[in-house]
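The following blocks contain the structures, represented as structure tokens.
Across the two complexes that follow, chain A remains constant while its partner is chain B and subsequently chain C.
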Partner chain A sequence: MNPSVPPSAAEYGGDEVSAIVLDPGFSTTRAGFAGEDTPKSLIPTYYGKYSHEGQEKLIFGDDIFVTPRPGLSIHNPMGRDGIVEDWDMAEKVWEYSFTSRLTGAKPGNPFQNGLNDVPEGEMPTEMEGVESDEKPLADSPLLMTECGWNPTKAREKTIEIAMEKWGTPAFYLARNGVLAAFASGKASALVIDIGASSISVTPVHDGMILKRGVQHSPLGGDYISSQIRALFKSNNPQPITITPHYLISSKTAVDAGQPPQVNYKTYPPEKAPDASYRTLLEERTLSEFKECVVQVWPGPSKLLSPGPNGVSNEEVARSSPGRPFEFPDGYNQIFGVDRYRVVESLFDVKAAIPDPDSPFPAPTPAQTVPELIKNALNGVDVDIRPHLLANVVITGASSLLHGFTDRLNQELMQTYPGPRVRISAAGNTAERRFGSWIGGSILASLGTFHQMWISKKEYEEHGPNIVEKRCK
Partner chain B sequence: MSLASGVQIADDCITEFNNFRMSGNVKGDKTKFIIFKISDDKKTVVIDETSKDQDYEVFRSKLEAARDDKGKVAPRYAVYDVEYELPGEGKRSKIVFISWVPSNTPMLWSMIYASTRENLKNALNIPTSIHADDKNDIEWKTVLGEASGGKAGK
Partner chain C sequence: MPPFKDEHVLIIAPGSQVTLAQLGLPESFTPARFRFPTRMFPAEKKGEYEPYRIRERRQEVTSSTNGPDASKPDVEMKDAEPAPPPAEPTPATDSAPEKPENTEQDAKTESAEGQEANGEAKPDTAPVTQEIFYEEDITSDEGAIHPIVNGRILDWPCFFALLTHVHNTLSPPFHTPIMLISEPVWSARDRETITQFVFEKFKTPAFCMMDSALAVCYGYGTSTATVIDVGKDKVDVTAVTDFLVNEHGRGIALDGCGGDYMTQRLSELLGPKGFTWEMCEQLKRSNITEMLPPGTPLPGTAATARQGANVNNAEGKPTGEPEDGSKGDAAARGTNGTAGENGEDEDEGVLDVAAIVSGNTSEFLANREKEKSTKKGPADQGAKPLRLPNSKKEKATFQFEEYVRLQPENDAATNGPNRFIRQTRDIEVGVERFLTATLKQKMGDRLSSGILEDIATQIHHTILAVPEAKRSELWDSLIVVGNGSKIKGFTQSLVSTITQKFVLSPSGTIFTSELPSNFSTPLPTGGTNTPAPSGQPGPMHHPGGHGVNPLLVAATHSNTPAAMPSMDPLTHSHHRSSQTPTTVKTVKPPEYFPEWKEQSSSNAPGASGANGPAGAGGPGGPGSHTGGHGMEEAVFLGAQVASKVVFVLDQGISKGFMSRVEYNENGPSAIHEYSM
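After this line comes the complex of A and B, so read on.
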């Protein structure tokens, strides 16, 4: 292709707009251009705070993991229920997610950016419009996602930030449950989203969320981490402490189950980062543990129930071959039945491993996945329940736990023996992790979607409440 | 307004469907089903095929054989005139709206078809609908059961 010939309109995608799609979660924030397969910018929603020469500094993105600065503390602007708690910081984190990799920094005033000589005595006269030039999203429509229980106030605040702080010309706020249902081809579905801070069940009918049926509970990926921590405390042959890499200066390989042989790095108290930094890095090891070791007991009955031949399921699990895991300090062992125990309480609260120090209170029966589903279905019209059960959609990164889908299928078939239960879950890891983002990306890239956008003009006429009328 | 793709419905679809609906009493030379698809430029719902074939299996295999412009499995919408007989009540017929989004459809088309479905269903104004993602969902028995409200085909 001749580089001097500009690409035709069709190659640019015709009248398709280069919208930005922003899918903010508790653990990660996903941002990218509409029309792309995966979000180009994937950053932790956590941010770091420390003081340097008396000034408060903030760190965003993957940089928060890198350097154990003195006094560095880690925070999250989202609440565990998926609703923003600290709006100022949420705005900054979200803004970082698209300015760092997508839109880039906007050019400043050429007279003040230090790159040009300002003629003496001559001050630039045209100063109007300078401020609007600085808004980061002045050229890009923005589609954002939200959870099904996001309150009106939070929705209005979101459009306010997008329109007034970021200067987006057009905005839309989409429910992630609806996006997940659509992404699997369904206008009606029961969407089960297993996230980091919460799990939710959202009934969607004819493209609308049935609000009375929406259920959520805190038993997400972070809860599973807390169960793994509880297990490590009482582990055999010895309790396990997770030591993140930044605290290790050297280590020697040891045999399975042997104490680690390791030299630690030490930080004097005035140089040490805050405890929240260590927790964040420990969480990374736990994520790896969840991906490599943890497994959901396949059923049909619960892990603690007696099995078919009078042998308890736990005994059966014990005799199956375990999975090895090596910790950053070199300690390694094979995990047998314990790899099932840490997730069993998502289905059966009796199996929860007690831990008085855990930030999570002991789970209640109503918080388990099967109960959430039961309550969600009880909250909707009896006629549509069979349709929802025939169209169960599973999404969210924590649903990738080995064996999760099979177990859920078993549980549902036992609870609802009559109607046909069918689960659909994307086999592709990216589609499961970024399901709502990808759905939003497809919609926002359609030329025909322009009629859905709330334009800046409409916002100025009607105020933030327009989001309630237009984004149902 | 709920979340939707904004894909338009071509006027043809409505006209053709209304003719189909009105032709209820005409014997013999009568439309049996219409299949709709979303155009390759993703802008409009258009008619893929209108047929008078009385054999349900012909209809079903047409849905299963649907492909997109790249030769991949593709979704379709359809309306089908289901005729059935209830013991003691005589012959009945009912038009059913079917959305066919096979489970191995690429996500792009799944998303577009799912987010356009309500618009088309409302434009055609058909209360009875079936969503199908594998071929068992469009077996005659299933469709008959849905059309008759569970009274026929037991």
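After this line comes the complex of A and C, so read on.
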């Protein structure tokens, strides 16, 4: 090519628009373009509310973790069971998740984007029939995920928002269990999703969920946090209080187990953030604690049961070296057997640390992971049980707890000694955390999926109930 | 496609304040050759933009004996503006103002005027005719549109006009690949829009859009780093691991944490003493403004007074002693304040200008303060100890430069375009200059704890969002860039703020984190918990182990007790990492780019950034090459390194850029597959 010769005029004509995949969870909301390997946008589902100069303001995204605002309180539009409670806010949070990083604010007038030459002296005329205020998703199809037990009403409301508020040209609602199975390359699987607010077991057969087998319980990551809090309360030599970083102005190094020496920051009462803000930030410290300290007792038997050679498992655990952790205020301690205790109740309710103040009632045996799996399998046809057991998919961020997969494998082998049990868990942290999003990304970018979309026209013709017929 | 050549690569790095640009990659990479202020002025015609402010001046042409000579500029502008002062408004989007026709027209206008004036045969009562002149107003930002605010593109037509202006000014040949540095805050759709614009307007054969944080990593030659980009009014904090930008948890356009914060703080402190915004801005840029490490006593105040950051409580009331003290001081000194200084050395100022213009600017300015203190010291303050480091001096002076409109010498001058002279005068400030990072009184609705703590919190949040295995490395490789971080001591203060707030105390955690976590020291006694005898090698040899309970060492050195086959691939791939940070370090800038070591010492309005009304880096002029930009603009160094790699060495084999063919096939959304 000769550098002094201009290239021919633009030949690009087509519009390759990739769909947006939105995976709303209780703790985080994931959004990104179909075909990519991780969601571009990851925001907390929590949002902040405060008033400033008489106006109520909302903040979304990671910003809530960084700078506190006067009187800031934290809310979550989702219920603990994974079903939306506050639709108005859910819409706003979700909308933020894709407008902030993906679609941007509303696109401007095409005449002013610098790409369209307006002939001299000719003012662009208002085009008739073109909506003046464009909707945020006017040119992107949207694939959303939902939990397996989402009620019809909620599903209809979801498509209503997508179609009417966001103006998406095409929509689909997929079960997150199915998508997680797709993400690990399976059309049939037993999907065990350990989320923040709940854990769920979803049998998937040929890309369809087996509704009768779907099980869920509230023993998710937040429950583990509540167990850790209970542990801190009963800690020796003194109970541990978590003071988030925003309340600390400086700290001094202290030896392990020594009371912290710290200068606190004080906010005047009318400006101090709400207790819910503190809880949210304490949760950040707790998730660091889970990452660095907490460990699942590897089995094969339960932590509280006697071990193979007469010594109780707890004794063995006690003798193993602990792991240190330092709190934001400088207090640090080594955690020994306790770091196993806090998660043990996911498998054995007897090990739950009692805490009368906890928002979580003491777990029942039916809520533990092995029981959920058992019930899920009992809910499906006996013929496909071995197939499901050979394809157990583990997903969800809380499944990243150290040793979780090993323990689950042990439990399954004990419960189902006959059939071949095979667990597949992604080794990559992102793949584990965003399993259902990734499945959605795969699904929406498949050529064959195109016929599955519910188009705007179909929606207008049949109303929101079409989602029940089309998204099974 | 023929290979791309070094000299054809066009690099553009838009920012909220300045847009850096350069055509061609030099042998040794240099700071950006062109610096365009990121602002445009609305043109006559709606929807079009001018790079300079054009002012309409109605002039009454009456009988006058002045020939055309009288309206010739008698004072050359001290600024490197190449464009002729009176210029017709030019169609903004596709012509640069220095087009020859303008000058012609300009000349015509003038000669017409001249003719009229000369050949006037009218009596004094001749009807007064009004003529409209257009002139460029270089000293004013009034009416400017800043298309990028806090990194966000708010005004697209204006932004595109700016890109076009940059492109036209550099006028690259057709076979020019374009490298554009993208702001983190741009959404996917923003990037697509820009891609479409670049391909369709500039007809570029190849285009690469690179994330600014990644560019910084290229500039520093490191694959993993935490990049803290301190801009005009925002901060971006990005964790880059193995040349991959971590989008999750990224601190994007953190409001109110940029350079403007510091100016605002200065303005708050000094405003009551008559400091204007521009003065504070220049004071901030001057070499006497510094951030002292936390805990350093301020000079001249009681030894107990500390730098405000840690003393101030969160209420937003600056209760720190230093301020009150200094205010009192200032009141007491009275005549030393600015009021006394105002208009003091007018003549001197003019002389200075001459010196600056003729001599070596930076050298001159560097010597300036010394001179000043020698000159003024005895006069104003008696025997003030000389040659103290700045941080020990209670008061210091900086040179304030401003444009002053020349007083018309005669009537004729009023008819000509306004002329300005750059004038300097010295202003003395007290310890306020050390308080730039302290808590502002007006923080809006944020319960901020001062700029440094807010940034530190963001860094903590960003690193915490990255998988554990990489965190420690990220803490050990901070890179602070951006012109907002130019203040002396900024990086050190930030690091010490982090240390104070987040670094773990060594007592509990140092043992595990200092060892690579998959390198477990075997327990000497085979798994039981007998403490290791102190004479044995093993845990006690650990550098952190001295004088610490060996039990503790043993405990923290080993990994999981169970040696059973693990199902969890995570357990296999890497062992658990411990809590971070145990240390915080910054990355050393590379030393093989000599041009990047220079530091600017000038705070002249045009010298750094484009905030100065002059708008440094006028189009095409030789003077627009402003040196003196160091590694704060590492993003541009990285852009050059990446351009070299992507366009010249790799030639597209690794899909580093999007070619025109690919654009034609896949459209703008394909940019996400190429963007770096």
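Here are some notes:
By our rule, the second predicted complex is superposed on the first by the 426 of 472 C-alpha atoms of A that agree within 3 Å, B and C clash if a C-alpha of one lies under 4 Å from a C-alpha of the other, contacts with A are read in each partner's own complex, and residues count from 1 in each chain.
In this text, contacts are C-beta pairs under 8 Å (C-beta built on N, C-alpha and C of every residue); 3 or more make two chains touch, one makes a residue touch a chain.
These numbers come from a predicted model, not from an experiment.
Once the two complexes are laid over each other on the shared chain, residue contacts for A:N332 go to chain C alone; chain B is not touched. In the superposition on chain A, contact of A:S200 is made with neither chain B nor chain C. The larger set of touched chain A residues comes from C, when the choice is between chain B and chain C.
With both structures placed on the common chain, the touch criterion links A:I248 to chain C but leaves chain B unconnected.
By the touch criterion defined above, A:L443 lies against chain B but remains apart from chain C after alignment on the C-alpha atoms of chain A. Of the two partner chains, neither chain B nor chain C is touched by A:Q215. Counting contacts by the rule stated earlier, residues 426 of chain A appear in both its interface with chain B and its interface with chain C. In the complex of the two chains, the chain A residues touching chain B come out as 174-175, 178-179, 181-188, 206-208, 387, 391, 424, 426, 431, 438-439, 442-443, 446-452, 469-472. Considering their complex, residues 1-7, 10-12, 14-18, 33, 36, 38, 40-42, 50, 52-53, 57, 62-63, 65-70, 99-104, 107-108, 112-115, 118, 245-246, 248-256, 265-268, 271, 273, 284, 288, 291-292, 295, 298, 316-317, 319-326, 330, 332-334, 400, 402-406, 408-409, 423, 425-427, 429 of chain A touch chain C. Residue ranges on chain B touching chain A, taken from their complex, read 1-8, 42-43, 75, 99, 101, 103, 105, 107-108, 110-115, 117-118, 121, 131, 133. Chain C makes touch with chain A in their complex at residues 1-2, 8, 47, 93, 156-157, 159-161, 164, 173-176, 186-190, 193, 196-197, 199-201, 203, 205, 247-251, 254, 310, 313-315, 444-449, 454, 457-458, 460-461, 464-465, 467-468, 500-502, 504-509, 511-512, 523, 528-529, 552, 554-558, 560-562, 564, 566-573, 576-579, 660, 663-670, 672.
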